[in-house]
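Note that the chains take the letters A, B and C in the order they are written out, and that residue 1 is the start of every chain.
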Amino acid sequence: MLAFLARRVLIAIPTIILISVFVFALQKLLPGDPLLVLAGEERDPEVLEFLREKYRLNDPIPVQYLAWIGNALQGDLGVSLRTNQPVTELIAQKLPVTIQLAVMSLIFALVIGIPAGILSAVRKGTVTDYIANVVALSGLSIPNFWLGIMLILLVSVKWQLLPASGYVPLSEDFWQSIKTMLMPAFVLGTALAATLMRHTRSAMLGVLSADYVRTARAKGLSERVVILKHALRNALTPIVTLTALLFGELIAGAVLTEQIFTIPGFGKLVVDAVFNRDYAVVQGIVLVTAVGFIFMNLLADALYVVLNPRLREQ
Amino acid sequence: MTQVKTLLTTALIGAAAFGLNAGAAAAKDLRIALQEDPDVLDPDQSRTFVGRIVYASLCDKLVDITPGLEIIPQLATEWEYSEDGMSMTMKLREGVVFHDGTPFDAEAVAANIDRSQTLDESRRKSELKSITGVEVLGPYEIRFNLAAPDATLLAQFADRAGMMMSPTAAAAAGADFGANPVCSGPFSFGERVAQDKIVLNRFADYWNADAIAFDSVTFVPIPDTTVRLANLQSGDIDMLERLAPSDIPQAESDPNVTVASEISLGYQGITFNVNNGERGDTPWGNDSRLRRALSLAVDRDVINQVVFENAFAPGNQPFPPNSPWYNTNHPVPARDVEQARALLAEAGFPDGIDLEVQVANANQPQQLMQVVQSMAAEAGINIKLTAKEFATLLADQSAGDYQASQVGWSGRVDPDGNIHQFMTTNGGINDSKFSDPKVDELLNAARVSTDQAVRKASYDASRDILNEAQPIVYLYHQKLLWALNSKLQGFTAYPDGMIRLEGVTWAE
Amino acid sequence: MTDATATDPVLASRPENRVWKKFRSHRSAMLGGGLVAFFILIALAAPILPIPDPAATDWGAVRKAPSWTHWMGTDEIGRDVLSRMIWGAQASLLAGVVSVGIAVLAGVPLGLVAGYFGGWPDAVISRCTEALLAAPFLILAIALAAFLGPSLTNAMIAIGISATPIFIRLTRGQVLNVKSEDYVDSARAIGLPTRKILSRYILPNVMPPILVQATLTIATAIIAEASLSFLGLGQQPPAPSWGSMLNTAKNFLSQAPWMAMWPGISIFLVVLGFNLLGDGLRDALDPREH
């Protein structure tokens, strides 16, 4: 297991480089000139030329890439074209926010999605099943912006229960931080919960009719034990895969939700950066998300082995 | 009285204890919501509208404007052009210090002008191009020597080019000044978290400190207009800029919210590619009758009513109809589909013609252009809309890779800024590449004269030509809308959209 | 079930008919199928239905609530919402179904190969999946819009590509789980060709989560089409799609709630329909449930 992990971590390095080349190239191929936006409304040609030189935008793309990766290896990810802030600083500011939002939404999703999925599989064809399904699918089809704005209007404007938006760091005020994050995490969590619920239900249905579950039942084990110990464990593979993917996506940022609740996370940053062609910022974030995805995939692969001992022999 | 006091104290303690940020009890911090996150906070490098709103509290300028666009003293107290208009002498305010304690004097002004003109990253070069030399005449007196008379100079000093940064801090930080800006405004820089907040703290040694009633100002970017208003209504913020016209009824129906408004200095319209590369060589670029037909095909009042809830101002010139520079001989045309069709037929297109218009991928421009599209269709003009993100739209426009483009201009205090660079042959942002020697002559003349009447005559004469040529079909002028907590008093709306906090207070 | 077999033994013995019968007896699946069929019919019938032109504007009726003249109200520039909903069904159903189709057709085979063979194919496919996941969707979309030109088809391709990784990962995970099962081992032992093992033993186990995910992704794809049409890729204005209607409605939530309501409800119903249909298919195809 350790050797497996060590090998995967080593493989991750070329992967990250591959990803950075891919995104760098793609960005450079995009139409639109960032400097026309950056040079200000007047677009002074002298300034344009100077900025092109300064950010090495006149160099051939491979040279630009090598310069970027050279600096990146020394821990310098460049500065934002738009705000002149160092990208490392931007990431350091936003990573905790994004992770907090991701973890809280995932907790919502897991706590709602998995039990609901199990319940509706066990009670398949009953009213409970139908209700659970309809609720889950509404969670998926209600647009986040609608749910978000409605929650703000109701909870913050009308009842004045929670802050309408903003972000307080955990270290500054723990409970206030949790409170401000509650609504956005819920909004993001509902859609994820729907996905997890549907998959849990389907996987459980598959396992509940399997031989070993019948055997377990025949042995007279309590329904609780049968479901939680024998069935659920075998149904977990797609759930693990999905949770890993969803978490990775959450790290990449939830643009609309962040925008509505004005949470300073990655989502808004990356969208603005793409629109402004703020190359260094996009590269920096992609680097972080790539590490996130690789880590989560690794975790998922490791969990497969834990859940399915037979995989260990290979 | 004592009872009231006790109540108030209790409320204050309560508010502090529970961390509530709503209401007048915590009057010492003012929270203002901006539509977007400002760019770099260096007056020489920045370029965004929201950035300028932050500067209004952070950096004083040499001169300021009144809501009626007259130039008034700020850091400069008096100024005078020489007889020949080739230089300007300014007297400076005494006893002013920058946030870092550096005294403000003529040397500081000279250093600032030098930085604006020579810093490689400076976006202010073209604005101060006319200044050829700066002479320090005394500790509080300075002279600017000019290459040619420049009527626009004072207006430039009323904006970013006139913002004074601490020369000590600017020399030390170089191009990184924006990370920790040091100016001489009513508030000093506290901290900035990108896309989260910018905090400014009261500057105790401000020369006009008595006019300032807040201990700090926090700017928070909230891009969604509905959410911005909801934040104001819930008490999370105290004030917001650029209320959406569609939100006006909701804002006005809330007794705790006041709405303020002023017509902006800018305009919105459709710029045609007249002579910018190959794509300028189309009937639309070559025949002004088609462009006039489009102008007649749209109903500007209906646009204002449908898209902007009647809150904006229909327009047909670079200046809004209420501006002293507006040429009243060419009023906003009424819609005339017959006339538009006749012009099309005259130009050889009796059966209609296609037109491709690029438009930014934001809600309002797209809504606007769909309305225009529908109106133009009735006159036989089939508009195809191409949505582009702004970076691409600008690049294509600058490269001439467009037929027509829906863009606008944020506006400048001096009329020159709204027209010269767009309509003169070598204008820096003349993307339509319109060129007419007579227009060049008139607009150049308006630039060098300091006589208002002479300038007005020049602009009026240029309008006579441009109204025929229509390289830009102007559509409307935005109205700037602010919504604020009704307990805030003394706020004045300015046509430049800035939020000036002098004299703004919380009502008891 | 026994009745059916007794009355018509010949038909019942053929597996495809057995599947259909099971499916038909599945009430919620029939409901789902009905919903989907309803929307498809409406989308197809748009040109012949007696409804106003979806692009026709009426300046006197901007953002009017539902009434007898406009059953679903009017939008921000006075167009009939009902008519736009019906015409928009075409774009949205296409965007949902085609992009999910692309993702499934590309993702499942790749996932099968990665999971079953392991080794370098797995390494290559997995690394590329990670690269695709890490690249922001917007960059992919804008790049595609730039190279392929803006159209609904290209929007579907962009959405399809960005939805592919999830199908690769799901398939791969499921394959890893079943390939060590005894019956797969014994199939290998008796020398069954890989192609047969994959199609007969692995694929059926992979299908349930794929089916679930596909029916769910339709919703995301319909909504994603909106953000792309906003960027200029996707449905071009003034032609409608549910997603772009929803996108515009966002700005008028309090002034004109119906603008968001109708597309919202329709997306919900279509997604519900596809999911119920998926459930039915899943049960009908499940070899263990007889």
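The rule we apply is simple: a residue touches a chain if its C-beta (ideal position, glycine included) is under 8 Å from a C-beta of that chain, and two chains touch if they have at least 3 such contacts.
Computed from a prediction, not measured in an experiment: that's the story for all the values here.
K.L.:
Please identify each chain that touches chain A as well as chain C.
P.N.:
Neighbours common to chain A and chain C are B.
K.L.:
Write down the chain pair with more C-beta contact pairs when B-C is set against A-B.
P.N.:
A-B
K.L.:
Closest chain to the protein's overall Cα mean, using per-chain Cα means, please.
P.N.:
Taking the mean of all protein C-alpha atoms as reference, the closest chain is A.
K.L.:
Report back the single chain whose CA centre is most distant from the CA centre of chain B.
P.N.:
Chain C.
K.L.:
I'd like to verify one number: the distance from the centre of chain A to the centre of chain C, where each centre is the average of its C-alpha atoms, in whole angstrom.
P.N.:
22
K.L.:
How many angstrom lie between the centres of chain B and chain C, each centre taken as the mean Cα position?
P.N.:
46
K.L.:
In angstrom, rounded to a whole number, how far apart do the mean CA points of chain A and chain B lie?
P.N.:
Their C-alpha centroids are separated by 38 Å.
K.L.:
At which residue positions does chain A touch at least two other chains?
P.N.:
31, 145, 149, 153
K.L.:
Got the chain C residues that touch at least 2 other chains?
P.N.:
142, 146, 250, 253-254
K.L.:
Can you list the chain B residues in contact with two or more other chains?
P.N.:
226, 389, 392
K.L.:
Quick one: in the complex, what on chain A touches chain B?
P.N.:
31-34, 36-47, 50-51, 54, 80, 82-85, 90, 93-94, 145, 148-149, 152-153, 156-157, 160, 163-167, 173, 176, 259-262, 264, 268-269, 272, 275-277
K.L.:
Once bound in the complex, which stretches of chain B touch chain C?
P.N.:
Residues 225-226, 244, 246-247, 249-250, 299, 302, 305-307, 361, 363, 366-367, 369-371, 373-374, 384-389, 392.
K.L.:
Which residues of chain B touch chain A in their complex?
P.N.:
It is residues 19, 21-22, 37-40, 42, 45-47, 120-123, 125-127, 175-176, 178-179, 193-196, 220-224, 226-227, 230-231, 233-236, 389-396, 398, 409-410, 421, 428-429 of chain B that touch chain A.
K.L.:
Quick check on the complex: what are the chain C residues that touch chain A?
P.N.:
28, 118, 123, 126-127, 130-131, 133-136, 138-140, 142-143, 146-147, 165-166, 169-170, 172-174, 176-177, 180-181, 205, 208-209, 211-213, 215-216, 219-220, 223, 246, 250, 253-254, 260, 264, 267-268, 271-272, 275-276, 279, 282-283, 286, 288-289
K.L.:
Can you check the complex and tell me which residues of chain C touch chain B?
P.N.:
Residues 55-57, 59, 62, 76-78, 142, 146, 150, 229-232, 236-238, 247-248, 250-255 of chain C touch chain B in their complex.
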